[in-house]
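Each structure below appears as structure tokens.
Two complexes are shown next, each including chain A; its partner changes from chain B in the first to chain C in the second.
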Partner chain A sequence: MNPVSIIQSIPSHVSRIGVIALHAFTQLVRMKVFYFLAFFAVILIASNFFNLPQHEGPEAAGVNILRSIKSWSLGAMTLFSVVLSIVATALLLPKDVEDRTLYTILAKPVPRIDYLAGKLLGVLLLVFISLLIMNLLMTGILQIRTNLLVTDQVAMAESRGWPAEDIALLKNDILAQGPTFSLQGAVFSVFLRATIIASMALLISTFSSSTLFTTIIAFLIYFIGHFQADARAAYFADQAGTSDGWISKLITLLIALVLPDFQLFNVIDAVIEGQVMPLFILGKLTLIGLFYVVFYILASWFVFAEKEF
Partner chain B sequence: MTEIPAAVEIRHLVKDFKTSFKKQPLRAVDDVSIRIMPGEVYGLIGPNGSGKSTTMKALLGLVAPTSGECSIFGKDSLKVDSRDEVGFLPENPYFYKHLSGEETLKFYGKLCGIKGAKLRERVGELLKLVDLEGASHRRIGGYSKGMLQRIGLAQALIQEPRLVILDEPTAGVDPVGSREIRDLIFKLKEQGITVFLCSHLLEQVQEVCDHVGIIFRGKMVRQGKLDDLISIEDQTELILKDASPELVAEIKALIERDTSAELVRSGKPRTTLERLFLRETRIQETSK
Partner chain C sequence: MRIAQWKKHVIVGIGLLAMGALRLPFERQLTVELDEERLLPPKLEIMTGEKIGQTFSAVSLGGLRTLVATFLNLRAFSYFSEQQWANVDETFNMIVDLAPRTRYYWDTGSWHQAYNAASYYLYESDLPPLRRKLAWRESIEKGRDFLERGIRNNPKDPFLRERLGVLLSDSNKIAAFGDPAKSYQEAYDSYMDAVETGNARGYAKRAALYSLARVPGREKEALELALEIKDEQGRAMPTMLGLLYTLGFHQDPDQPVLELIDSIFPSREVAYEILGTQWLRTRDRFPVHGIAKALARLEKLLNVPEEKSILKQTPQAPMDPDDYFSRER
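Take a look at the complex of A and B:
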């Protein structure tokens, strides 16, 4: 029997990673994770009726609704993407070890890096599609509400006899709170943050033996990531007179290497307020995301390559 | 003439597992050497915890040897390409419950680089071979123990490997399922596929294997050709059919007259409980 007769080609890393990723995605979909989209739809509809504290004049009343929609939607996107990234990643690896399905996969000509990258990509595909659907829903609702608001406010301004330039300014102010490119950038930033968290959870799951441990530690690191920059700054401000500059820099670098600074993603809040997200910020976040994904995957591989089953 | 590489070559394998900090490491496998040539069916037998599964895992690169070497068709087991021509069925396998039998085989096939029409054809062949055509669209979660073993065997064979490693292939399977798996091993043997299996069912090992190794507390205590190992050199067996009592008495008298020979035992040969069970269930099935 000649094995060459059936195996058409030696699968490349990319095709094997693709097979594992699609499988991980199917596995999560069949766990019915997409049901949460129904909750998102409810949150989105409810956000239309939430009243935020209002400090501006009556002409800004409608704008608050737009902010509310963005704030609740991006908040829900953050929550779902973070939970999905951590729980799904923490679940897949220990489950394969426990069920011994990992034996059958690694007993095939599958390099361990392909297995890890495939699993991570499967989770990221799920998060991406989830965010895409949530984004479409949010953008759709926001577009409708913005159009209605522009019509109402322009009519109100005209009835009050506002000059044309002021009406144009009012219109621009409203449109800035609607679906903008910056808003799409904010959603992409939510995805980038989820990518970093998922790859971090992957690293933890390579040396942890349980889903629970991975989940708890990953959430802990996620929360630490929100104030580690402040803590670092405060600590080194105190130590500034006593310690050597290069030691401080080295420690800072090491902390930043292992624990991502999630404060960098606070730009999302600025977008909710209607500010523009500069392209270079988005580029910077993308590079940071890529760096952490590559770093965490290589670290995961380093641990997983030596792991015995 | 170049030497044909052994299908399996395990040389002086030692595997220690760390326990706690203070204790000595646990030696699971202690200087085990096994050589299996292409086309042979080798059975590794031994009690629980004797190191059978660890030996197999070392051969598949799932654990790294503390010392010693393992290779498959001349390729180092720690290298990924050594797994190109191997199929493995672990003990008590659990496959992805969310996939159907057919999807499971397709998944493993794609991992090995089989695609399109070839993959569909191969999946169909294997489902037929393991008699799961009727359950191919059912989720694995609903499979019985025997069905799981059979789909496990099918996934092991997906890329037409030259070596199949089976860890307790009949564990927990009823006698009918067990017999079916045994028949499948016979089919593999006919096709010239090398089989390396370990099992508790000694009778089955005896039936299908031509080489056997006995492992005890991590050490290989005996190995070789099955016929050589189990034949009792100083005894001869005669099995007669439709022999009259007079003929039996005459043979016995003849033996008694010989000064060096001794009659150890005579009587009716017995079938096994397994054969009896299979015969009776088959009769019941055909009488329906």
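Take a look at the complex of A and C:
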């Protein structure tokens, strides 16, 4: 195959991937996963409108409610995206085998990489749309609540005769806890993490024999992936001469090399606490996310390419 | 050529290792950068992990630390309502371990100990006086310790430094810290540290002055600071006017009192009101150099009847825990 024909075949690949992705998306929507959004809306409304007991010190500006909305929302987004990415991806291939859809598709001139990429894209589309809706809900409510808080607090400060600079500081303090660019970055990092998990689950499902196996292994890897950075640090600490022995060194190296570092995407907590996420950090997280996804898709294709059903 | 499935698995394994080797330096560097930007959550204390139990695994999954902290904050509220101060303390220690960059938790945790628990031991507890006194002192120290830890975790936050200044110079708490002069000195340092962050409220510098003015031997510096603030802020609060007088008098006790009063206060009536209040506020331990002399002159000039003389009123005694806790209830 020469380069010209490869380039010429790109539109047909894209179109096939698009059709399979839409099919996978529809398949998942029919499983009523969007019901979770109703649950999310209830959580959001509860965290915003129900008067949960709060300790407010004499100088508190009432910003804790904004932090509560963010932590409830991003916590729900994290849980939803992780569970959906693993379960939906683990389900797709076995379900196609069970329904015999897979045989119909593979009997046609559909390259297997198009099939895998389409399926993964379907799952990611679902996660993306869900996160988008959740994000819009969260940002909307956060904006309304922030505006109310700013109005209240500025009125209070003016009635007490605060100087203009102090009022500006108070306002900035409240706005930093409202909807910010960093908050959008945090939501995007939730999506990036879901993307890596889904593509990793796809790789596992290409050689696993059941949905349950894929789900359990993917959750285990996700869990251990949060300690990958610790293993890496331990390996490099060993290199610095504090070695406990070559076995521990080998184990930490293997964990560091094989497992993804999910700790990198834990910027959410810091953003909820009001830290600013610079754009270059988001860019680097996106790069590392893409690197994982491309590798996992290629590896999945390699395993799946000549697999017989 | 077909490759056997097991061989494919081996190749994928090798690919994973190679991919790991490629990304390792990048991820390592990114971790350092995230750490520098304070975007990575600090490691949990083992004790916190044990205490939050099953939730610990959920917390480890990431993105849920602040959510768990929110839940624990609700739990702490129940303990607060039931006045279980040891549980409030323990819960807030877990909360700040989970969310160490949230100023609110440090502030609230300290407030519960230094103000709410301390007031409970002061007024409501059924413990014997000596135990109550000890618990009162310990609660205030815990509140202070909490704020100091908060400051170490959030060095650029002016608010927590201001709160520490407030606590250290609080007339009702200062007896718990031992030497009041040392406490006012530390309060001054804390307020000035807040000012140096560049984001402190205008109040912080004035509060620093109010603390410094109460440190014996630093009157000259306090006067310089008072004049600096007056120039910067273009206005002077009543307490500051009173301090400008007493600190100015301390500099030169032989100067004519009325001239000094006229150079500081907008009118002699205002001077009488402000200096009179300062004279009676003995609980706040503000300096009173030359106030008696000024009040005597002003009362004569303003024709204040002798029976209404401020100098004849009994000022409130400073808060003395030894005296307070030995009283019969």
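One rule holds in what follows: the second predicted complex is superposed on the first by the 264 of 309 C-alpha atoms of A that agree within 3 Å, B and C clash if a C-alpha of one lies under 4 Å from a C-alpha of the other, contacts with A are read in each partner's own complex, and residues count from 1 in each chain.
As a convention for this text, a residue touches a chain if its C-beta (ideal position, glycine included) is under 8 Å from a C-beta of that chain, and two chains touch if they have at least 3 such contacts.
Model, not experiment: these values are computed from the prediction.
> In the overlaid three-chain picture, which partner chain does A:Arg100 touch, first (chain B) or second (chain C), both, or neither?
first
> Going by the contact rule set out at the top, does A:Thr26 touch chain B (first), chain C (second), both, or neither?
In the superposition, A:Thr26 contacts chain B only.
> Looking at the overlay, does A:Glu273 come into contact with chain B only (first), chain C only (second), both, or neither?
Second partner only, chain C.
> Using the superposition on chain A described above, determine whether A:Phe223 touches chain B (first), chain C (second), both, or neither.
Touch status of A:Phe223: second partner only.
> Of the partners chain B and chain C, which touch A:Pro111 in the superposed model: first, second, both, neither?
The answer is first: A:Pro111 touches chain B but not chain C.
> After superposing on the shared chain, does chain C or chain B touch more chain A residues?
C
> Who does A:Phe291 touch here: chain B (first), chain C (second), both, or neither?
A:Phe291 contacts chain C only, not chain B.
> Could you tell me if A:Gly161 is touching chain B, chain C, both of them or neither one (first, second, both, neither)?
A:Gly161 sits against neither chain B nor chain C.
> Considering each complex separately, which residues of chain A are in contact with chain B in the first and with chain C in the second?
Of chain A, residues 306 contact chain B in one complex and chain C in the other.
> So in the complex, the part of chain A that touches chain B is made up of which residues?
Those in contact with chain B are residues 1-3, 5-11, 15-16, 19-20, 23, 26-27, 30-31, 99-101, 103-111, 306, 308-309.
> In their complex, what parts of chain B are in touch with chain A?
That would be residues 57, 60-64, 80-81, 83-96, 98-99, 107-108, 110-115, 118, 122, 152, 155-156, 159-162, 165, 191-193 of chain B.
> Help me check something: in the complex, which residues belonging to chain C touch chain A?
2-3, 5, 8-9, 11-12, 15-17, 19-21, 23-24, 26-28, 30-31, 33-34, 37-41, 57, 60-67, 69-70, 73-74, 76-78, 80-81, 99, 101-102, 104, 107-108, 111-112, 159, 163, 199, 201-203, 233
> Could you pull out which chain A residues touch chain C in their complex?
Against chain C, chain A makes touches at 52-60, 63-64, 67-68, 70-72, 74-75, 78-79, 82, 162-163, 165-166, 169, 190, 203, 207, 222-223, 226-227, 229, 232, 236, 256-258, 261-278, 281, 284-285, 288, 291, 295, 299, 302-303, 306-307.
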